[in-house]
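Please see the structure below; I have some questions.
Think of it as A, B, C, D, E and F in the order they're written, each chain with its own count starting at 1.
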Amino acid sequence: MDIVSRLLALADRASAPAVAHAHCDLPCGVYDPAQARIEAESVKGCMEKFNGSDDGTFKTRAVMIKEQRAELVKHHLWVLWTDYFKPEHLEKYPQLHELFWKATKAAGDTKKTNDVAVAEDLLAQIAEIDRIFWETKK
Amino acid sequence: MDIVSRLLALADRASAPAVAHAHCDLPCGVYDPAQARIEAESVKGCMEKFNGSDDGTFKTRAVMIKEQRAELVKHHLWVLWTDYFKPEHLEKYPQLHELFWKATKAAGDTKKTNDVAVAEDLLAQIAEIDRIFWETKK
Amino acid sequence: MDIVSRLLALADRASAPAVAHAHCDLPCGVYDPAQARIEAESVKGCMEKFNGSDDGTFKTRAVMIKEQRAELVKHHLWVLWTDYFKPEHLEKYPQLHELFWKATKAAGDTKKTNDVAVAEDLLAQIAEIDRIFWETKK
Amino acid sequence: MDIVSRLLALADRASAPAVAHAHCDLPCGVYDPAQARIEAESVKGCMEKFNGSDDGTFKTRAVMIKEQRAELVKHHLWVLWTDYFKPEHLEKYPQLHELFWKATKAAGDTKKTNDVAVAEDLLAQIAEIDRIFWETKK
Amino acid sequence: MDIVSRLLALADRASAPAVAHAHCDLPCGVYDPAQARIEAESVKGCMEKFNGSDDGTFKTRAVMIKEQRAELVKHHLWVLWTDYFKPEHLEKYPQLHELFWKATKAAGDTKKTNDVAVAEDLLAQIAEIDRIFWETKK
Amino acid sequence: MDIVSRLLALADRASAPAVAHAHCDLPCGVYDPAQARIEAESVKGCMEKFNGSDDGTFKTRAVMIKEQRAELVKHHLWVLWTDYFKPEHLEKYPQLHELFWKATKAAGDTKKTNDVAVAEDLLAQIAEIDRIFWETKK
């Protein structure tokens, strides 16, 4: 990309975003933090099953399935952060970036442990995202 | 999503989660017809966007994304049917097989049309599955 | 979804399905229970490998791969059930719903065990589905 | 699927499976060129549907689904080439590398056209792979 | 990618790799913005092919493949943001959250257009992320 | 990857890129062996983490993630082999088929072991592919 087109691109970026994502211009416009929450509950469930079992193969499966579910939590949160939230939301909720960064890191942390408190912390962060999400929908 | 179903959904959220996922013998035991419903709403949204646009490329994208979302609806419904529902549920709700068969066929039908009524029919069938699901959770 | 659109949707359902899936209206129309059978053989193979090994890491991999293959069995069976079979097939083979429900549950069961008999039971159910499938093709 | 390939497929099924999967040292050891063939038949089916329709949206879906099926053909062929075939097979069938290279390129070509002859050429190459595969199983 | 940014990328690559992957506490610790860049170049390539063609089916495929590649760009960027960057990086580069938010939004924008400038804007943002990434690796 | 092949790879990369993506007839024409290399480095990283840990659950995760990464290596190599390389390349580099066959087999081998030397052997083979790739781009 040459300097000129880069500057043009930057100029575009500087002027365009204010109206770019208003009035739902996406294919479907359906978002719901419930998707992340359900997978996070599944993560917690996998931990409880892991902790309650003495069967090595079962525990292997719990770890494996938890890994997949935690990845889905991250994915659903990333989609909300990038696709749903707009600059005007960020003005009103300046904590959004930090909140999503920590929540997706928390989802990553649930892959590395079977401590249920880590999953509950993730669920609390998703609940906070959910609260803000529905406020913006009012 | 209209006001009524919105309020119902909120009511569900407010009252249900505390006991929602007890008594389950699978690795995580978390099921929720909301997963199928959210994707089906997305299918409906894609149809509305398709119908409201004159841009051929945009319409191509709407068709493409709808296809993926409808596939996710089928997947979430199949998982509920096979993994969540048990013989004792089927005794009480003998219509379950037919209900899921038609609902997954309806999800397939939404791939083939942009008639919003087909998506609404799918949503109605998911709502019926949702009603039975939560009855079995009581 | 409000009451009105729900009723409309139900009305649609009452009138439409009779002709909906006649005369193969899908994109390709290619189905073959061999897809489910091959994956189920793989599930059985993973169990045999698991049982014949003392290497913990190898056994972990066998469990992991079996989980994926069993999921593919479920997927291929679900597709057959929903997409291939039509109301007229169900009239002639009223056991189809129960057969697929049990077969997909059996596929799920193979995730939870390394008992080869469970995989063989799954293969027997797929063989029965295969038999009916090819009868309908005559 | 035409009568000839149908009969061949049936003949294969009737004679082969009993000893099909012996002598294999991988986690499951189950391979079957039928997986690639079924997806390639689906590719051909999508082309026929595309060519037989005047509905732009339907044609878009046919192109989209064909693309996915052709990718699956490539995947199944690649797995056979890398995972199933061993140096001793290559000594006996020195054409294997070229055969797989051309067959996977042919699968790629089916993405770019709706000329049924291209899909039939792909099916012929898969049939040749299938022939060699079952010879090595004897 | 033009000569200048290409040379910058090469300069980065020429100096960095020897120590690139030290000091990492995750399962593998390998990150590289090149993954996002390569997919973004593919997005740009799809746009150019789209713009240079009169064949409707080819254009449909270009849109479809671009959609998938743009999704991969988002995924690779999200992983970098959540998994690679740590609080100490954010202290030094407080613009990181905003940079990733806009870059992933830019990746989303490339799905909605075939204006090559939008892909170049995305590439410029990835180049900026790449620059910071390799600074943190020093 | 040893120092020598690493330096060779870097030297090759330093000279080639100016015309890298010309003369390509696919939808985007962007190929880069870096995709396979990055995943192979991740495979090596997973092995090192596995070998350096006494935590059974962590080791399970390392095996699982390595399996996925090794599969991605195979995929990226297969794509290069089938999609990028043309008959004229093969005339000039008649070893290509054997090189890719062995490299993808080597990627498969990394699933079955945590011996870092196996991953380094894979990286050396990818470096050789990378060297030829960039020569063909000159």
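To be clear about the criterion, a residue touches a chain if its C-beta (ideal position, glycine included) is under 8 Å from a C-beta of that chain, and two chains touch if they have at least 3 such contacts.
All values reported here derive from a predicted model rather than from experimental measurement.
J.: Identify the chains adjacent to both subunit B and subunit E in the sense defined at the top.
T.: A, D
J.: D-E versus A-B: which interface comes out with more C-beta contact pairs?
T.: Greater number of contacting C-beta pairs: A-B.
J.: Which chain has its C-alpha centroid at the greatest distance from the C-alpha centroid of subunit E?
T.: C
J.: With centres defined by CA atoms only, which chain is the most remote from subunit A?
T.: That would be chain D.
J.: I want to confirm something about subunit E and subunit F. Since they are copies of the same sequence, is their interface symmetric in residue numbering (over half shared, so same) or not (under half, so different)?
T.: At the contact between subunit E and subunit F, which are copies of one sequence, the residues are largely the same (over half shared).
J.: Roughly how far apart in rotation are subunit D and subunit F when fitted on CA atoms, stated in degrees to the nearest 5?
T.: Rounded to 5 degrees, the superposing rotation is 180 degrees.
J.: Centroid from C-alpha atoms only, then distance subunit C to subunit D, rounded to Å. What do you get?
T.: Subunit C and subunit D have C-alpha centres separated by 22 Å.
J.: Any idea how many Å lie between the Cα centroids of subunit C and subunit F?
T.: Their C-alpha centroids are separated by 36 Å.
J.: Would you pick out the residues of subunit C that each touch at least 2 other chains?
T.: 60-61, 64-65
J.: Among all the chains shown, which pairs meet the touch rule set out at the top?
T.: Pairs of chains that touch one another: A-B, A-C, A-E, A-F, B-C, B-D, B-E, C-D, C-F, D-E, D-F, E-F.
J.: Which subunit B residues qualify as touching subunit D in the complex?
T.: These residues of subunit B touch subunit D: 59-60, 63-64, 67, 111-112, 114.
J.: Using the touch definition up top, name the residues of subunit E that touch subunit A in the complex.
T.: 1-2, 4-5, 74, 78, 81-83, 97-98, 101-102, 104-106, 108-109, 112, 117, 120-121, 123-124, 127
J.: Applying the document's contact rule, which stretches of subunit E touch subunit F when the two form their complex?
T.: 3, 6, 10, 13-14, 17, 21, 24, 27-30, 32, 34-35, 38, 41-46, 49, 61-62, 65, 69
J.: Name, in rising order, each residue of subunit D that touches subunit B in their complex.
T.: Within the complex, subunit D touches subunit B at residues 57-58, 60-61, 64-65.
J.: What residues of subunit A sit close enough to touch subunit E in their complex?
T.: 1-3, 5-6, 8-10, 12-13, 17, 20-21, 25, 74, 78, 81-83, 97-98, 101, 104-105, 108
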